[in-house]
Each structure stands twice: as C-alpha cells, then as structure tokens.
Amino acid sequence: MKKLLWPGITAVLLLAYPLVFTTPFQQRLGALVLLYAIAASAWNIVGGYAGQISVGHVVFFGCGAYASLALFTHTGLPPVLGMPLGIAAAVGIAAIIGTPTLRLSGHYFSMATIAVAELARLVTTNTEFLGAAVGLSGPTVPRTWLDLSFISSVPYYYLFLAVLVITLGITWWMERSRIGFYLRAIRDSEKAARSLGARAPRVKLIAYLLSAGLTSVAGSLYALMFQFVDPESGLGILISVKMLIMAALGGAGLLFGPLVGAAILVPLEEISNSLLGGRGAGLTFVLYGAIIVLIARFRPDGILGLFQSARKAPEKHDA
Amino acid sequence: MLEATGISKVFGRLRAVDDVSAEVRQGEILGLIGPNGAGKSTFFNCLTGDLAPTTGSVRFLGEDITTRSPEARAELGLARTFQLPQTFTGMTVLENVMIGAFLRTSVTAEARERARRILDIVDMAHLAQTPAKTLGTPGRKRLEIARALATEPKLLLLDEAMAGLNPTEVRAAIDLVRVIHGMGITLVIVEHIMEVINSLADRVIVFHQGREIARGTPREVTGDPTVIEAYLGKRASRAGGRT
Amino acid sequence: MSATLVQVIVGGLLLGAIYALFSSGLTLIWGMMNVVNFAHGDFVMVAMYIAYVVYVLLGGGPLASVPIAAVSLATIGILAYFLLVRHVMRGPMIAQILGTFGLALLLRYSMFGAAGANFLSLPDNLVGGTYEIFGIRLQASRVVAGIVALLVTAGLHLLLTRTSLGSKMLAVSEDATAAQLMGIRPDYMQAIAWGIAAGATGIAGALIATFFYISPTVGETLAIIAFVTVALGGFGSVPGALVAGLLIGLIESLSAYWIGGVWKDVVVYILFIFVLWFRPQGLMGKS
Amino acid sequence: MMKRSPWAALAVASLLAAGLSGGAFAQQTVKIGAIYPLSGNAASAGTSAKAAIELAVDIINNDHPELGDITLAKGTGLPNLKGAKVEVVFADNQGTPAAGQNQALRLITEEKVVALHGAYQSGITTTASAIAERYGIPFMTGESVAANLTERGFKWFFRTTPIASDIADVYVSFLKEMKAKGMKIDNLVIVNENTEYGTSIAKVVGDTAKAGGFNVSMVIPYSANTTDVQSQVLQLKDAKPDAAIFISYTSDAILFTKTMQALGYKPPILIGDNSGFSDASYLRTVGPIAQGVINRSAWDIGKPGSPTFLINEMYKKKTGNDLDDTSGRVMQGFLALAEAVNRAGSTEPAKLQAALKATDLKPNQLMMGYKGIKFDAKGQNILASAMLIQAQGDQYVAVWPKESATAELKLPYKAWEK
C-alpha cells in the first residue's frame, strides 16, 4: 500500500488541478504540461530505457499532427480521426528508418535521426499536399463536438491526462516485463545483452515502434488543441530537443521522469515568457538555458536520479 | 558438441587466426592458451559470434552456426563471459542475472526466482539488491559467470575469467568453475595463467601467431618443445624449469 | 564545361572549405571526448561578434580579429570545459546534450541581450574585394577563409599525429585510465583539446564574419551543417572533416544549380543517410 | 523512491501558475495586446515592430499637433474614453504558433486586453487570432500577408496591410509602364524563399505577371536562412532576366546582395519585395552595394517637416534606424485599431467590433501611403495599396507611381557601381 502513496497523491493532484486553478491560462498551462509529458514519455521509451538518443523524434510528432490536419483539410473529417492514420504512418516510418539506423551506435544514431527529421521537414516544406510552407489548419469554428474544438482548456486537460495515463501505463508494463529489462541491458552493454540471448535489433525496434506510435498521438493531440501545423512547428528540430530535455531533466529511463521534466520546464518557459518575454531581450531563453546547464552540471541523471540513487545503497562492495 | 573447422580471420592485411580447427567434446574443459596477440581471443570471438570468421565453419550440437548471431547461439545453449566485464551498471546484481534468466522464461517473477537460485550457486545471494556498478573487478567477473549460467547453457565459454584476480580470488574462481562443471556444463576457457589451465583443463590448444602449434593434455603441451620455444620459452628458461 | 559551371564548382569548393573550417573544432572534441558540442554553432557566432567589435573599436580586419577571436574562444572553451563539460562527461550521454544545448541557449540569448537582434555585417572591402581570374570570380574573403581552412586542418592534423602533445591527447581519448597511469593528466589534455578546438572555431568565426551576416541566431544555421560534416567525415577525423566539408559544399552548389535551391539540403541529407548506412564510421573515421 | 519529486515539481508549477493570476489592473488605461517575435530567427523584425508600436502609443497618449491629421496625434489619450491612455502589453511569440496562441490567451484572460495586434509570421497570426475569435476579441494585423487569413470566416479579424494580389498589381503595373516607356522588359525571374511568405507572394506575382503579358522564364525558390546562395545567383545570371523580383527575409536578402556583388552580376531592374529589403539592417549593412534596388513599400519618409518625416525622426531617435515599411505597417495597423477603440467610445467587444467594421480613414489621416482604410466583410482593408521606393544613398525614396514620387527613378540598377 505504501508503494502507492505517492503515485496516488500525484494522481489526485493531477485530477484536481483544473478545479483548483481556474483561470484559462493556468488550465492551458496544465494541459500543455500533460501534452509535453506525453511526448517526452514516448521519447523516454527509446531514448531513456533503451538509451538510443533520438534527436529526430519530431518526425513522429509531425506524423500525428499532419495526419490529423491533412485528413481534415482534404476530406473534411474531424481531425481526431487522423490519429490512427498518424500512428500507422509513424510506425511505418519508424520501421523503415529504424531498421538501418538502430544498428548505429551512440552519436551516429543521434545524427542519423537528426538527418531524417530535417529531411522530413524539407520535403514537407515543398509538398503541396501537406500545405507546403503555409501549413495546415483545422476547423477553427467547430462543426460538431467531434471536432474537439473547445474554448476552455479543461476538456483538453482531461483528454491529455487520459492519454498520459495510458502512455505511462504502457511504459510501466514494459518496464516490468522482459522487454523492459532487455532494453535497460542493451543501454548498458548491447554486446553483453546479446550474448545473454537478448535479440537486440528486434527489441530495440519494438521499443522504437512503440515510442513512434505514442509520439504520433502527442502530435495529433497538439493538432487538436492548436489546430495548425507548419513545417517548423510540426517538424522543427527544437521539438525533438524539447522532448529530450524534458525527459533528461526529470530523469531519462525513469517512469515519472518526463512528467517531472515537463512539469518544471513548461511552466518555466510559459511563465518566464509571460513575465519577461515582452521586454524582448531574450531573457526567457537565458533563464531556460541557465537552468538546463545547472541541471546537467549538478544532476546529470536528472532530478529523479537523486531519488533513484538514494534508494539504492551507495557503498562500495568488494572493490 | 562444438566443432570449429578451418577458422581463419583476416583484419586488413593481418591474419589474426590462420586455419585453426578445434572440437569441444561433451563434458570436458578445453583450454585455449597462447601469448597476447596469439589469436586465441579472436578465435574465441568467432565461436561466440561476435566476429564472423573469414573462412571456416562452426557447428554446435550438429547445427551450422557460423553466421548465427550471438543471441541465437545463446538460445542454442552457448554462453560466454567477457574479458573486460560488461556489467549492466544501471541494474542491481539480481537484475543482471535476470537478464540471463529471461532467455528461458518471459515471466518476470519466474526470471527473478531463477536468478536467485543462480546467485545462491555462485555465492552472491547476499549482494542481490546491490547496484552492480558498486562491484569491484572480482565481483563483476563472478557476476558475468552468474549471468551466463542463468541462460542455462550446455557450453560455457570463459574469456580470461581469472585475469586481474589475486591468488585467493583465483582459487575461489577455480572452485566455482569446478562447481559449474559438476552441473554437467561443458567449458572452454581462455587463460594465460598456467596454474588455472593445469588445474582445470582436460585438453589444451596452444596458439602462436594466429596458428595452432600444439594440442593435448596440459602435461603433454607444457612438455612440447615448440610450445616452450614459442610461448613458455623465456619464462621457462628464466625459471629454470617447467611449471 | 561552361564557365558558369566552373564557377559553381569553384564556389562550391570554397564554400566546402569554409564548412570544413568551422567543423574542425567540432570533430576534434567529438572524436577525442565523444562529446557532441551542441553549442558549437554559437561558438562560431560569438567569434563573429568579436570580429565585429574588433572592427568597430579598432577598425581592424581579420589580421586583428582572427588572433583575438582565437584567444577569446580558446578561453571560453577552456572555461566551458572546467565549469561544465568535465562534469557532464561523467554522466550519461544525454547529460552532455542537455549541458551543451543549455550552453548554446545561454550564449545565443546573452548575445541577443547584449547586442540586440539586428543583423550586422562587416564592410565588403575589408578583405580586398573580388578578383576575376580566367573568367572566374573569386571573393578575396572566401579565398582567404579557404586557405586558412586548409592550414588549420593541416595544423590540427600535424598536431595530433606528429607532436607529443598530440599523442598524449590521443592516448587520453583512447583510454583515459591507461593514460593516467602513464603520467598524463586526462583533464589537462581534455582542457587543452577544448581550448584548441574552440580556438580553431574562433578563427573560423572571425573569417566567416568577413563575408557573412552576423546575428545572434546565425549559429543555428551553421551548426547543423557542421554536425553533418563531422559525422560524414568520421568523428574525430580532421582530414575527414575537410574531405566531407569540400564534398558537401560541392554537392550543395551543384544540386542548387541543377535541381534548385530548396533541394540542395535534401540531397545532402540523403547522401549523409546513405553514407551512415553503408559506412557508419563516416568517410575517414576508424571503425 | 521517485514519488516525492513529481509532487514537488507539480507544487512548484502550481505556485508559479498561481503567481500569474490576480494582479490589479490600472485604471484609466485601455490595454491592447501586441504579440511579436521578440526572440528567435525573426527577432530583428519583431523588435523593430515593438519599437514602432511604442512610438504609436507615444503619438496617441501625448499631444503631437505637429503630426497634422494623423489619427489621435492631437490631444492626449483617447478623447472619447475620457482621455484614457493606451497601454500596450507585449508578448513574445518565440517564433512558434504554440507560443503565439498561449500568449494570446494570456493577454485576453489574464491581462484583460480589449484587442490584440500581431503577430508578424502569418502562421502565428493564424493560431493567435483563432483564440481571439473564440473569445470574441478583435484581432488586428498590420503586417501578416498570407491570403488565407481573411478567408476563414472570422468575425473578429481585421487586416490593414495590402496582400499578395495588391502587391502583384503594383509590380505588374510598374513593369508595364516601364515597358511602355521603351525599356526592354519581357523576361522576368522570381527568386523566393520557400516559407509561406515567399511561396505565396511568388505564386501570385508570377500569375499576375503572366496574365499581364510578361514571360516569367524562371522561378528560383530557395530554403530560407540558407548558408550560401551562389548557385541561385548563377542560375539567375544564366536566365538573363530584364527584371528580377526577390522575395526574401533579411538574412537571405543580405546574403544575395553580397553574393551578387562577389559574382559581379546585376540585373537591369532588381525589385526586392519588402520584408528583408525593408529591414533597417539591410540598407545599413549592404546599402552601398545595393544602390538602385527597388522595394515595394507603403512607407515613404516624405519631405522634411511632413508628418511622415517627423514620425521617422522620432523613430530614428528611439532606435537609431529609419522606420522601415514592415514596422510602418505595424504602426499603421495599431493606429487604426486605436482609432476604432476611440470611435467606439467603449471597450466593450461588440461595440469595438462595430467600430472597426465602420472604419473609414482617408489618406491624410494615415502615415502609410494607403488609399485609405476600409474593411470588407472578411476584414481585409480594401483601400490598401503600395508604392515603389528605391535605395538612393543611405535611404529609400518614393519613386513610383508618379503622384507619390519624391525622387527621380534611376534605372538601370547600379548596385555597387558609382
């Protein structure tokens, strides 16, 4: 029972947040935290658990966002119906690029993913069907409730919360099953993991596909909320980096790491932008940069890494 | 149970292993020895699947495994340890062993149970919840063996499992290998400590400059003039006798 | 071959030499320490502003700005190493990305706050204008940058392969513990490597400033090209960065001329992915 | 293990969020929100726009009789609102549509602004104005040109700037006139950056030119924020156009001008479409090698002593730069918005919307060279227009059409030659 205490309190706080914080901006802030937490948690599966640092995950985010809004633009169907298409596209693309790139180790994998993401952005910028440089818009004036276009952020908040719970549930299940153990083993030593029978290429690919599909869901949810995507906002490298930073800040490879990272960085960015952005001196990013640097310097394992290492006995054995 | 036939491995212009054949018989302990750079580790890695031999073939339990991946070999019952321990530093000792155990079960609780039994065997049960990164070299070497055992191998390949250990630790490790052998597991050990080979191996293959220069029982081999010349020469003459 | 095509090729090679120039520092750090410096583009940016300040304050061109930028950047590099990089290197790879990306934001927006968002530029005749040789137009500033690129590449290569400092640095990069046993202090060697790499980046920035615009976000534009150049050439291979830089410059120029400007990066990325596929260690990297 | 931290982090987040709410609102002021790119790649343009709006606020809030008929210049504050002062709350859109929309929401719900102005990049204007539409708050843009902005059926969206079709008409009429005067103008080339701005303008200009009987022999799109444009310049050189039209942001405009000099190529007529060519950084950095470049603009400094001249002086005093067209359009949009607020005599959204719809400003009331400001049902200013200006010396001067010209048109394009 004790084990469930803190997750329980977290759950209650998350459920109660929009009821306690009632201004539209606070509620939107909450929704954004959850949205980024979903994306970062999805990234965490392959980047955190498997240790394959993808810096091109925005490709999958873009799949979701573009699938939703392209479906609406070309057929008039509600964007939410594009979500399965986005997942299918993301998983398909992940299968195509994952097979060759997952063989690469360390920085080579990171570089390959950056290249793929930039390629996707450039091609989309020149593809009329995907709105080219202008981008795609959603139904700004909702036609039916299925368009999921709300003035208030509260419906988005609970929708995102539900998806986050599913994402974390999948991650939790994975963490405790054989594939989760294999992923962590591969992160530490792929050679050893394979010698013990872990089918590393297959295991990594499964994680990559799962991560891609969930990231795509985050992209679709983004499209539902903002109802607009263009190459920079849907496929820009900054979004990949944000997923990575949030997961790393909270603790990569830990279940709640990305949520903690998002809960710190999203409000930090939005609030500092609100308070300082209008002065136009770039102070928001100075602050943002400084905090990231400090975390990397003093807590390289992320904020939750502290609790993780405190839990386990630190003394040296027979060294 | 394992047959390697005509194995050669070429790196660029270097012939690291040149036409070596070996057979491992059920239930025996085979030693591979030779000075550094003699090619024994390269040959070893061709057996484990980490390197693909340039020519030659490897058969295990009657199956051709020359091009099989390391994980496929593990599944067939071929396990190995690494010269430099490849510990999963982000896990506990128990979790390290569970990785091996997962080869034979996909159920986490089951894997944990099996891992615990293995830790009992290797006498590390008290360290189960310890983070593996806090182990020193002897602990890590032992953990390597425990992980490999958890895969329930028929043949276990040990790569310099005693290197870097002090005499007491070496004796403990030799005892452990005997226990493993007693469980009916066939072993191939790569070693440069003759003491280990002498006390453990049934047969020995001696490598020099990528070739096999002698094979036989440890006693036969250490008496072989070619071996003394190539490998033991200096040491033997300096010591004024044979080990 | 038409004169225009020759011009395209010559221009592409000169551009490529410049890519190589601002990538050499990155490849050194990447190869030696397995650290990706996401702030690399912003190091170039800082050097460009230094060149601008030197011009405004002293009226000086590259003769003054290159040494000043090199020394300043080397200092920044060494500071960055001791204050940040040394510590994040102990953490997981992701901590390095986090740390250097944060540093990039810090540098970019500190400059933004200090210098404003406006675009700046040095006068065009600062480095001797443009010459026409056999119908090919050569911009002196680019030619100078190209020559310096070759010199810096050669210098770094010789340093690594022919000097005792270089072999000490390589020893540290191969096995820091073993190097330490041989009496080499890894942190000193790594700090020196950061100093040299950042210094080379300073030279690059000061030279690029003579023909490029200067703005706080210019580093972003340059950084991705530098990453691709380094990965294509092989991490840590200084000659590799030169070859890759020249190749990318040439391909960009030709594909922009033949296929169109919007597709040149597409061609480069596709080539890059193909190379990674078939030769993951890059063109001249060690496997 | 890890349970304390998410809780703590959420608590911090909540506290921060709580800190944002509340806050008393000053009385006797009318708050208007302005969303601009104050960081990121477009920050140069965004900071200029911010300075322009601050100047507009100065003109509204303080007595400026010297500015003649310019709206709200005379007297202080908004007379119909008991002289209430205008207060602008700036927000940084960080160059992303998401941040633009978040800030729009904040300005509306937290800052309680009565109207919004912005957001430079058309994509961000799209998302930011969508929030204003849902909340029923007027959104005015003085600068975003994407055609689809006024095609969304919005009731709260207004735009004062000329859009692609207006711009294309100006170019084509100009070229026709030059042709009629005997210049050889058949072959046109368009060079455009490939974001939404460049792509949309290039398409409309190309179509209009073809319809006007010109041969558009080549369209050269390129990636914005590129490192090198040599090949594009050589393509242009090969095409030997009689006139080249560039649609570029600042960094690329500077790079093109430098590269053209390096390669020794200049077309007989070079038209730079506003944006990059209008940025004050452009003339300051490459002015000496871009003599005679023609720029589309609705802004002209005018004769010494004229209201526009004085506005430029004030802007120059504030920023050190001449006012550029983009910032001028921003300023005009903001002045028109403030004028409507004053005319409404209320900050009630519905009255504001009605006042905006009824806007009818004459050229003498404007600082920009529009034929007036009057919105159609979609919110587009039907009297928006532009003129052509040319770089002569260290500034742009109006050269076409004749009636607004303040200096002689000088052709062909001289670039770096004396």
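Think of it as A, B, C and D in the order they're written, each chain with its own count starting at 1.
What we mean here is this: contacts are C-beta pairs under 8 Å (C-beta built on N, C-alpha and C of every residue); 3 or more make two chains touch, one makes a residue touch a chain.
Everything numeric in this text was worked out from a predicted model, so none of it was measured.
Identification of common neighbours of subunit A and subunit D yields C.
Farthest chain from subunit D (centres taken as the mean of C-alpha atoms): B. Averaged C-alpha coordinates give centres for subunit A and subunit C that are 31 Å from one another.
Between subunit B and subunit C the centroid-to-centroid distance comes to 46 Å (mean Cα coordinates, whole Å).
Averaging Cα coordinates per chain places subunit B and subunit D 73 Å apart.
Shared interface positions of subunit B, defined as residues touching 2 or more other chains, are absent.
Shared contact sites, meaning residues of subunit D that touch two or more other chains, fall at 38-39, 43, 46-47, 194, 223. Under the contact definition stated at the top, the residues of subunit C that touch 2 or more other chains are 109, 112, 117, 216, 262, 265. Chains touching one another, given as pairs, are A-B, A-C, A-D, C-D. Subunit C contributes residues 30, 34, 36, 83-84, 87-88, 90-99, 101-110, 112-113, 117, 216, 224, 227-228, 231, 235, 262-263, 265-266, 269-270, 272-273, 276-277, 280-281 to its touches with subunit A in the complex.
Remark: subunit D residues 38-41, 43-44, 46-47, 194, 220-223, 225-232, 234-235, 237-238, 250-251, 254-255, 258, 261-264, 279-282, 285-286, 289 touch subunit C in the complex. Residues 48, 50, 69-71, 74-75, 79-80, 82, 86-92, 95, 98-100, 102-103, 106, 108, 111, 127, 129-131, 134-139, 147-148, 150-151 of subunit B touch subunit A in their complex.
By the touch criterion stated above, subunit C contacts subunit D in their complex at residues 4, 7-8, 11-12, 15, 109, 112, 116-121, 124, 130, 132, 137, 139, 142, 211-213, 215-218, 220-222, 225, 249, 252-254, 256-257, 260-262, 264-265. Residues 176-178, 181-182, 184-185, 187-189, 191-200, 253, 312-319 of subunit A are the ones that touch subunit B when the two sit in their complex.
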